[in-house]
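Okay, got some structures for you below.
Shared between the two complexes below is chain A, which has chain B as its partner in the first and chain C in the second.
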Partner chain A sequence: MTGNTRVLMSMIYWAFVIYLFVPLMLMVLMGFKASKFIGFPIKAWTLEWYLGVFESAEVIDVFAYSMTIAIASTALSLFIGTWIALLLGPNRFFGRAALFALTCLPAVIPGIISAISLRIYARLLEIDPGMIAIILGHTVHNVPFVALVVMARLSTLPQSQLEAARDLGADQAVTFLRITLPYLKPALIGAAVFCLLLSFDDFVRSFFLGGYEPTLPVLIFAKLRSGMSPEINAIATVALVITAVLGLWAERWTRRVTP
Partner chain B sequence: MTMGERTRLSSSAYGAASASGDRRPFWGALVSHSGYQSLTDLIFKSPRRQFLLLASLPVAWVLVAHLGPILQMFWVSFLDSYPPTVGQEPGFTVANWKKFFEERIFMMPFFRTLIFALIVTLSTLLLTYPVAYFLAKHVKRRNQMIFLLLILIPFWVGEIVRTYAIMILLGNNGAINLLLKSIGLIERPIPFMYTTFSMSVGIVYLTALYMLLPLYSALEKIPDSYREAAADLGAGPWTRFWRVTLPLSKEGITSGCTLVFLISTGFYATPVLLGGPSTTVFAETIAGFFHVAGDQWPVGAAFASIMLIATLALTGLFLKVMGRGGKGLLQ
Partner chain C sequence: MTSHTEIVVHLDRITKRFGDVVAVDDLDMQIMAGEFVTFLGPSGCGKSTTLRIAGGFERPNKGRVVLAGEDVTALPPNKRDVNMVFQDYALFPHMTVAGNMAFGLELKGESRSAIERRLDELLALLELEPLRERTPDQLSGGQRQRVALARALARDPRLLLLDEPLAALDAKLRAQVQLELKDIQKRTGKTFFFVTHDQDEALTMSDRIVVMNHGRVEQSGTPEELYHHPASRFVAEFIGETNFFSGAVRSIDGQRVAIDWQGVLLHAAIGDQRPTIGQSVSAALRPERIRLHRDRPTSDNALEGRLVKRVFKGSRTVLDIAVGESAVIRAFDATDVAERINPGRLWLSWEPESLALLRD
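Moving on to the complex of A and B:
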C-alpha cells in the first residue's frame, strides 16, 4: 500500500472519530448554557442545570429505578445465560443446533417487534406493566449475549485442568466451583457490565413494558417530546458519564478474556 | 545439616501445611457432609439424570421466554379482540392481516422502512469499511486497542442520548448551521431536522459499530502475505483490493450488513424524534396500535408479524446469496 492511501485512511479514521464524538461533546457543552433555549451560540454559562439534576428528587428516583432494573436483569441474565452456555458449550446432543438458534433469537429480532411481542406476552402471563415486566424483558434480550460470551470463554478452558481436579478427588460440583467458575470470571464480569449497559440504555422495551414510572431513557424521551431544554442535556450527560465509566471498567476485563 | 537448619525446614514445611490446611476444611467439610453427599449422589449418579437436569432450565427458558412471545404474537394476530373481554371467547379472523394489504397508509411506511434500512446498511458499509481497514492493517498491533476503544466509547451511550446529540448537531440553531452561517455559506439555516437525512444520520450513528466490528475482525484475519504474494505476481493496488482483500472480508461484510439491517428496521424512538410526518416508519405504525389509537392489539400483532417475516426472509435470502457467492469467489 502506498503512503498516500495510508494518510487518506488515517484521515478517514479521525474524521469518523470526530463524527462520533462531536455530537456528544456538543450535548455536554449545551448543558452549561445559561438560557432555556437550546441552540448556538452559547453566550453565557451556568452550572445551574447540572446542579439541578442532583437536587431533583424525581430525577434521582428515576436513576435509582433504572439502576435497580439493570442490576436485577443482569443478575438473572448471568444465571440463565451461563447455565445455557454450560449445556451448549461442552455437550453434543440431539437438537443442540435448534437450541442454539433459539438462544440467539432475541438478539436478532428487531427492537420494536421484540418489545411489543413481550408486551402481549406479559398480558398473557398476567404481569402488569412495570418493574417486573421490564426486568424480565431486559433479561430475555440479554441472555443471548451472556450465553455467547461465556461459551466463547468456556471453549478455551484447558481440559487438563478439569482432569487434574478429578484426579485429585474433586467431584463435579467442586470442579465446577473451583476450576470452571474462576476460569469464567473475566467473561462473567465483561458480560455483566455489557448487560448493565444494555439494560440501563434500553428504550424500546422499557417504554412498552413500563407502567407510570419511567426509566431514565423513557424520562428523557418524554421530556424531549415536550421540548428541548438544557435540563435534558444535564440529565443525559450524567447518564453518559455513568455508562462511559462502566464501559471503560468492563473494557479492562474483556481484554483479559481475549489476550 | 545442622540442627537449626532442620528445625527451620520442618517448621516451614509445617507452616505450609497449616496454610493450605486453613483453606481445606471448608471444601473438605463440605464434601464429607452427609447432606452434600446425598445431594451430589442424587444429581451426578446417573449421567442421564445429570444431563436432564443440566438441560432442564435452558430448554424451559428458551421455549417459554424466547419462543413464547413470538408464537403468542402470531396467535393474537388472528384474534378479533385482545386483551379478551370477560365472559367472551375471542373469535378467529384474518381481517388483521388483510388490513395491511388493503390500505396504502400502512403499505407506505412498510416499504419505506425496508428501503430506508437498505440505504442505511449500504451507507454504513461504505463509511466504516475504510475505518475498519485502517484499524486492522495500518495501526500497529499494540496501539490497536486504544484506536478501537476511541470508537467503542461513544457506542456505550444509550440510543436516546445519542439521538438527542444528533438533534443538537442538526437543529436550525444547531452546530452545523452555525458553522455554515459563520463562514458565510448560508444566510438562513438549512432545515436538516425531521427529514430522511436527519433520520439517516441518526441511525447510521447508532448502528455503525455493528458493521465496524465484524469488518474489523474479518480484515484482521487476512494474512499480509496474501497481499504481498499478489503484489509479487504483479497485481496493482486496485486489483489487490478487488481480488484479494474484498473477497476475503466477505464474511465480515455479510454479518455486518445482516446486523445493521435487522437493527435499523427495529428503531422506534429515533424516527419519532428525528423524523417528520413524511418519514413515518413501520415501527411507528405498529406502536400506534398499542399506544395512540386505543387498544387494537391484534392489528398491531399482525403488522409486527408481517414485519418479522419480511425482515427475516430478506436476511435469509441475503445470507444464502452471499454464502454461495463467497464460495464461488474463494474457489
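Moving on to the complex of A and C:
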C-alpha cells in the first residue's frame, strides 16, 4: 500500500467513526442543557436532568424491571440454548438439519411479526401481558444466538478431552460438569452478555407483550410521544453507559480467557 | 521386576469392523504383567483400534476383552482398571498440573491427604515438582507428555495404554523421552501397551513387539527376534532395511537350505519355516551382515559385484553393490572399513545364519 492510499484509508475510517459517534455525543450533550427543548444553541448548562434520572422512582423502577427481565430471559436462554447445542452438536440423527433450521428461525424473523405472533400465542396460553410474557418472548428470540455460539465452541472441543475424563473414571454427568462446561465458559459468558443487551434493548417484543409497566425502551418511547425533552437524553445516556460498560467488559474478559 | 507370567489382559479373538472396513481381524493376544508391549504397524493397520478396544472406547464386533481374569468387554472406560496416555495428551486446559493428576484420584474417592501423597510421589518420579501449579498452556511439549503420563499413572492402573505419545515431539527430544519412558516403566513395574508406527521407538523400548498389518498380527516377539528372524516379508521390510532373495529350493540339509538365486546357490537358515524341495521361497539379509572382500572369499555365500553407490552416514557408510544383471544389494559398513573399499569389482559374503527364510 502506498502512503497516499494509507492516508485515504485512515481518513475514511475516521469519517466513519465520526458518523457513528456524533449522534451519540449530541445525545449526551443535550442532557446537560438547561432548557426544556432539545436543539442548539445551548445557552446554559445544568446537571438537573441527570440528577432527575437518579431521583425519579419511576425511572429507577423501570431500570430494575428491564434488568430483571434481561437477567431472567438470559438465564432461560442459556439453559435452553446450551441444551439444543449439546443435542445438535456431536449427534447425527434424523431431522437434525430441520431442528437446526427451526432453532435459528426466531433470530431471523422480523421483530414485529415475531412480536405479534408471540402476543397471540401468549393470549392463547392465558399468560397475561407483563413480565412473564416478555421474558418468554425475549427467550424465544435469544435461544438461537446462544445455541449458535455454544455449538461453535463445542465443535472445537477435542474428543480426546471427553475420552480422557471417561478414562480417569468420570461418568457422562461428571464429564459434562467438569470438562465440557468449563470449556464452554467463554462462549456462555459471551452469549450471556449478548442476550442481556438484546433483551435490555428490545422494544418491539416488550411493547407488544408488556402490560402497564413499561420497560426502559418502552418508557423512552412513551416520553417521546409527550415531547422531546433533555430528560430523555439523560435516561438514554445512562442506559448507554451501562450497556457499553457491560459489552466492553465482556469483550475484554472473553479475550483473556479464550485460549 | 515382574517375571511376565501373570496375564494382565487377554484380547480374545477380537474383530472390529467400521462399516465395510475390517479394522481388527480375529486378533488374539495376551499381555503379561510388567511387560512393555508395542503394537507396531503402518497407519490403518488396526493397532490404535486394538488399543481403544482395550481402553473401552470401542466395542469389538466379536471377541472378548479379559482384564485380570474378568470379562470387561461391555464395561465403559470409567469402569476399567486401565488408563491411557492420549496422542494429543488431552490435558484439561482449565486445570493445573496437580489438578489434572488429581482428577482421577478424586473420582476414585481418595482422601485429600492420600491424593497429596500420591501427587508428591509421582511429581518426584517424573521430575515435575516445579511445574505443579502450572497450567498446560505454560508447559513445553515434553513436559506435557510427562504430565499426561503422570496423570495416567496416578490411579495405579493394571494396564497403561499409550497411543503414539511421542509423535508430537521433535526427533531429538523423542530419542531422549524413549529412554525415560522405558526407565519409568521399569521402575514402576507397570504393564505398558504402547502403539506406534515408528520402528525405532518400538525397537528401543519394547520387551515385545507385535507387528500388525491389515488388522492381523504379522509377528510377535522380542525386538531381536523380529529384527534377526522376521517371519514375513512385511516384517522384514517394516523393521530396518533388508535385501530380499527369491528362488527355488534346491536342497535341504538340517537347518540349512540352498536356494537357487539367479543361477547361484545361496545358503540360508530355515528357522521356523518348512520348505520343500523345488518350492519357491524368499529370504531376507540385513545390510550390516554383509562383509566385503577384494578377492573371492572362502564362504558358502559369496557373490561378485560392482560398487555403484556410496553414501556417507557418519559412523557408517551405505554401499550399493550391483550383482548379476539387475540386482542391487545394499550393505552397511563402518565408515573406516568402507573407506578402504575401492570402486569397481568386489566380493560379498555372509554367514548362512544371516540369511533368514521368510514365510511368503
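Just so we're on the same page, the second predicted complex is superposed on the first by the 250 of 259 C-alpha atoms of A that agree within 3 Å, B and C clash if a C-alpha of one lies under 4 Å from a C-alpha of the other, contacts with A are read in each partner's own complex, and residues count from 1 in each chain.
To be clear about the criterion, a residue touches a chain if its C-beta (ideal position, glycine included) is under 8 Å from a C-beta of that chain, and two chains touch if they have at least 3 such contacts.
All of these numbers come straight from a predicted model, not from anything done at the bench.
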item: Dominant toucher of chain A (residue count), chain B or chain C; value: B
item: Chain B versus chain C as contact partner of A:64, first or second or both or neither; value: neither
item: Touched partner set for A:221, first chain B, second chain C, both or neither; value: first
item: Partner chain in contact with A:171 - chain B first, chain C second, else both or neither; value: both
item: First, second, both or neither for A:47, with chain B first and chain C second; value: neither
item: Partner chain(s) touched by A:110 [first = chain B, second = chain C, both, neither]; value: first
item: Where chain A meets both chain C and chain B, residue numbers; value: 171, 174, 178
item: Contacting residues of chain A [partner chain B, same complex]; value: 1-2, 5-6, 9-10, 12-13, 16-17, 19-24, 26-27, 30, 37-41, 80, 83-84, 86-88, 91, 93, 99, 102-103, 105-106, 108-121, 123-124, 136, 139-140, 143, 171-174, 178, 197, 200-204, 207-208, 217, 220-221, 224-225, 228, 232-233, 236, 239-240, 243-244, 246-248, 251, 255
item: Of all residues in chain C, those that touch chain A in their complex; value: 55-57, 76-78, 82-84, 86-88, 90-94, 103-104, 107-108, 137, 151-152, 155
item: Contact footprint of chain C on chain A as seen in their complex; value: 158, 160-161, 163-171, 174, 178-179, 182-183, 185, 259
item: Residues of chain B defined as touching chain A within the complex; value: 27, 30-31, 40, 43-44, 50-51, 54-55, 57-59, 61-63, 65-70, 72-73, 76, 82-83, 127-128, 130-131, 133-135, 137-138, 145, 147, 149-162, 164-169, 171-175, 177-178, 205, 208, 237, 262-263, 265-269, 272-273, 283, 286-287, 290, 297, 300-301, 304, 307-308, 311-312
